[in-house]
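Shared between the two complexes below is chain A, which pairs with chain B and chain C, respectively.
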Partner chain A sequence: MKFFPLVWATLWRKKTRTIFTLLSIVVAFLLFGLLETVDYAFSHPGGGSNSGADRLITINKYSITLPLQLAQLGDIKSVPGVTAVTWLSWFGAYYQEPKNFVFAEPIDSDSYFKVYNDDYVIADQQMQAFRTTRTGVLVSAALLQKFGWKVGDKVPLHSTIWTQKDGSLDWTFDIVGVLNPKTPELASQQATIFLFHYEMFDEGRNFGKGTVAWFEERIADPAQSAALSNKIDALFANSANETKTQPAKDFALAFLKQLGDIGFILHAILGAVFFTLLFLTGNTMMQSVRERIPELAVLKTLGFGNPTILGLVVGESLLLCGIGALIGLGFSYAALPGLKKLLQGVDLSPDGVTPGFLIAVLFALIVSILPAARAVRLNIIDALASQH
Partner chain B sequence: MFKQLTAVTAMNLQTLPQRWGTSSVIVIGIAGVVAVLVSLLAMGVGFQHTLADSGRADRVIILRGGSDVELNSNLTRADIDVIASAPGLAKDALGKPALSNELVTVANVPKIDTGTDANVTLRGVGAKLLTVRPEIQFVSGRMFRPGVRELIAGAGAAKQFRGLTTGSILRLRNADWTVTGVFTSNGDVHESELLADVDTVTSAIERTAGYSSAIGLLASPDSFDAFKDALTTDPRLKVDVQREPDYYAAQSKDLSKTLKVVGTTVAAIMAIGAMFGALNSMYSAVATRSLEIATLRAIGFGGVPIVISVLLEALLLSLLGGTLGAALAWVFFNGHSVSTLGGAFAQVVFKLTVTRRLIVTGIIWACIIGLLGGLFPAVRAARIPVAEALRAA
Partner chain C sequence: MKEAIVSLRNVGKRYTRGKQQSVHVLDGLNLDIPKGDFVALMGPSGSGKTTLLNLIGGLDKPSSGEITVAGERLDRLGGGALSRWRANHVGFVFQFYNLMPMLSAQRNVELPLLLTKLPAAKRRANALAALTLVGIADRAKHKPNELSGGQAQRVAIARALVADPTILVCDEPTGDLDRKSADEVLHLLQRLNRDYGKSIIMVTHDPKAAEFASRQLHMDKGALTAA
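After this line comes the complex of A and B, so read on.
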């Protein structure tokens, strides 16, 4: 530690150069922080939290676009370990124009809130109103705000899939309550959620009656999720409606994976960023040591041993990269809320940022190898002689 | 002054090899930025090309009114009959209208690289398929036969998803389907799909509601308006009629835009880092040449030629870097095929396309970074105090 002032002084020997190098390191770690969090978000749907570990999703084995039958409900319910089952359908809705996407889902009000019992806060009175109003809907607080709706409003949604008996794609609902997601993660994932009655939906549509898009099960023991999934699928093996059941998390992950190999793309970019930066910083360090050869020779003459000299050069590099990483990662952390807005529906976690410091140390070591080797190998007499 | 400029610049460039270490920072830094920029943009361009190529101005897609994609649409057999009799459709050799009634569904097929299930479009197509889509060419195998469980696979799908080569068996919904051939279709979106006889697909998925869409080939692109009017004013129908290019352009818009924004943002942040690198190396280039510059100033060279010469050096190095970066992107990624979830809930396979325009964009970025990085050092060079610099030597 006593050499810190010396390392600090040499670091700022050429101020402009150090500042510019520092800034490019900041930029690299800013990018690192941003891209790693995005990568983390895509590989950990639902965030690092445990919510959803006790939920399974059952879809049609052959295609997510093919329906299942509501009649399958009874069999799934009878599987020991499954505590609640609910069913949902795609509605493909928007409000007024296609860009106003609304995640409207027909639900069964009893079983839905058994499966999702701890996701939302809903006022008792509003819940009561929902249960008793055929055309009633519960809407996320964010959606209310977005379209300036309020409880009591009648709102029309356009479904891109389901026609009513009269051939119309426009469905009208009455807002009876507000869904308040319990966590900010849920709030960002479920920003456009709009829940209405399956009963009204099934009666109203003019085809596909009695079908559902998927079932969701709540299970007693998350450790049993694989075994229960297999049990459910076995019920329908070789039937016309074979199923594929998986934990809700795996389902979300598989969906994100379909977007493409995002991890590979992000890491390829980071590879390019760090290679470029390695080159740049390495160059600066080399230059700085080259300029200080006479000084280093003087230190050696005074009796500084090789390990100390090595420590000084590596220390300088660690300090430079450390400061840069700290600032850069700090910036990327500050950008998290902005990123969240951009990537609606996926969760970001600051956990993605932490590995950055490890990388910074590794990076500092790589960058200082050549200059440190040069400083250690230095021949005192030649070095002093080269001064004039 | 021009003479001075050429003299100083020539001198600069002659000493460049001696300063190769620091100069290479500019080249490599900028190459990195341009390579990332061009590769990311190439993804957006490739995706757009794939969807844009799916369209012919004389081909129309008819969906149920209000459904924005085929997957959500629904037409009955009666609808199809009405559409087939509308004026403006091309006729085949037998005088039958060039219309294919199609059913779009999605099948789970594992991806080759990850082994995880992906949504692949299985498209049931009508008997007039080859009249409507003459661009379909077989790479291997033969056409499927109607009435039996046979399908043909697009070349893009065959490359990305498992078990889609000619002769292999694909298990879909309790039945084995034989892949009888692999086709190309001008690199368009259908190369990501599986095609089979529409009635066979309908019975396989037990769909009762009808078809997804009807694809028609017009007698000429000009007959679009008449055709559209005939359908939209027919009281028996409630359909949307679009030219194919318009339909696919709408589907590619979002992703292309996202890729463009992401690519530009990442590259812009990186560019700032590279600019600091360029500043560093140009400052050190000026510093090592301060004696030389002071001498020039002493014997009467003006400040402007010196500023310009430093800028030219920075520009030359960044041009080199830009070219290198674009070349790297081209060598590694041009034609590289990837797939993503397209607008219609199914995988679209596309190739990264490094176009000439992207290369030019990359090189322009390189020059801007180089100029910004060279500007301050250039001004410093012109302001070197002559007497001090000479004395310091």
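After this line comes the complex of A and C, so read on.
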């Protein structure tokens, strides 16, 4: 610590240069923090909570775009350990224009809320209205707010997949109730959810009748998820509708991976950023040491040994990168509430921040290697003579 | 005869210029400087006086011969040991002061004390005492660019003194100063020698500066010509 004032003063010897270098490091670590929050969203579907551990999802073995038959329901229900089964389909909808995506799902009201009985609070009266209204929908509070809808409104959705018997892609629904997710994580995940009746959907669509996109099972013991998945898939082995069953979280991860290896893409971007920064900061450090050759020579003259000189240069680099990382990651943490409003599931966990600081340390060590080596190697006589 | 603080026996120093050319700067030099002496080392440029000063100050090692300073055989010490020895025994004063531009006078004077185990408060107190000794305590918070040449050299002398070295090594300490400032600095060095018993070896071109020393040594072509 006694060397800190010397290192600090040296760091600010050329204020403008230090500020610009610091800014570039701050921006790099801000980017790191922001991309980590996105990476978190993709690697922790469900917000990292343990909810859904007792749920399985069964899809077509060959592709999620291929349907399963509703008739498979009975067999799945018969598997011991499966306490409830429901089924859903893709609806692919938007409201008025494509940018207004709505996560509309046709559901079976009885079985759906047996599987998802922990997730929502719905007023009894509204639930009753949903059960008895053929075109009724339950809509998340966030979606109501987003489009200015209210209970009692009649709303049209445009499906990008399903035509009705008259060839229309527009489906009209009556909002009868509000879905209130029980936790903030669920509220974030289910912000655009819009549930309507499978029965109405199946009767109304022009093709694909009797098919579903996937089944969801609630199981008694989450520890048995792998065994139960195997049992369900075994039921349909070698049939025309072979299945692939997996825990809900694995399904979400696999689904996201269809978009590409997001983690790899994000880390590749960061790699490029840090690689560029490495040269920028390394060059700055090198220049800084070059300018201070006579001063370093004086320190050596006064008796500062090579380990101390090495420590001073590396310490300066650590201080610069550490401050940059701290400010950059701090900014990304400060931006988190705003980001959460824009993107579902983003977060900055300690697992995301810790590598940031480790990168800062590693980065500081790398950029200080050459300047430190030069400082250590400098010949006192030559360095002092260069002033004349 | 007083005990010798510096003793050189048959000291030679050569540099290699280019790939093959060897330049002998010092050759077979013998010298004894008693403890408490104030020696002025004079001679024309290229005579080897700064090389000799660097050898005595432990900044360089001889190519041959023995150098004993403050009881230590410097020619036998490795780089790390030589650094520690310099920190403990030598105070350096340079022609161009060589203060750290980003540190205050007091912080500059504290630098040698960073290598000791003294606590921060004691380091500050000692630095202030050294600045007081050289008569510039009122400029303790000023940075080098806020000081005149004479003041900066006084700060440099305070830095050289603060760790209570055995010997002060001064390379043209007045070479960058006007006459008045130079005389003030030389009076200060003289006082440090007389009142505090500091052994001082000073390289200078200036005969007037040399008059402040108790002894003058002349060098030419790598050899001592007169004492």
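Simple rule for what comes next: the second predicted complex is superposed on the first by the 337 of 388 C-alpha atoms of A that agree within 3 Å, B and C clash if a C-alpha of one lies under 4 Å from a C-alpha of the other, contacts with A are read in each partner's own complex, and residues count from 1 in each chain.
As a working rule, a contact is a pair of C-beta atoms (placed from the backbone, for glycine too) under 8 Å apart; a residue touches a chain by one contact, two chains touch by 3 or more.
Worth saying up front: this structure is predicted, and the values here are computed from it rather than measured.
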item: First, second, both or neither for A:299, with chain B first and chain C second; value: second
item: First, second, both or neither for A:13, with chain B first and chain C second; value: second
item: Touching partner for A:57 - first (chain B), second (chain C), both, neither; value: neither
item: Partner chain in contact with A:384 - chain B first, chain C second, else both or neither; value: second
item: First, second, both or neither for A:88, with chain B first and chain C second; value: neither
item: More chain A residues in contact - chain B or chain C; value: B
item: Partner chain in contact with A:320 - chain B first, chain C second, else both or neither; value: neither
item: A:2 touches, of chain B and chain C: first, second, both or neither?; value: second
item: Overlap of chain C and chain B interfaces on chain A (superposed complexes); value: none
item: Chain A residues within the chain C interface of the complex; value: 2-3, 5-6, 9-10, 12-13, 294-295, 298-306, 308, 380-381, 384, 387
item: Sites on chain B touched by chain A in the complex; value: 21-22, 24-25, 28-29, 31-33, 35-36, 39-40, 64-69, 71-72, 74, 105-108, 113-114, 116-119, 122, 172-174, 205-206, 208-209, 238, 266, 269-270, 272-274, 276-277, 279-281, 283-284, 338-341, 345, 347
item: Sites on chain C touched by chain A in the complex; value: 54, 57, 59-60, 79-80, 83-88, 92, 94, 96, 98, 100-103, 107, 111-112, 114-115, 120, 123, 159
item: Complex interface listing, chain A residues touching chain B; value: 16-17, 20-21, 23-24, 26-28, 30-31, 34-35, 61-66, 92, 98, 158, 160-161, 163, 167, 169, 207-208, 238, 240, 242, 244, 254, 257-261, 268-269, 272-273, 275-277, 279-280, 283-284, 286-287
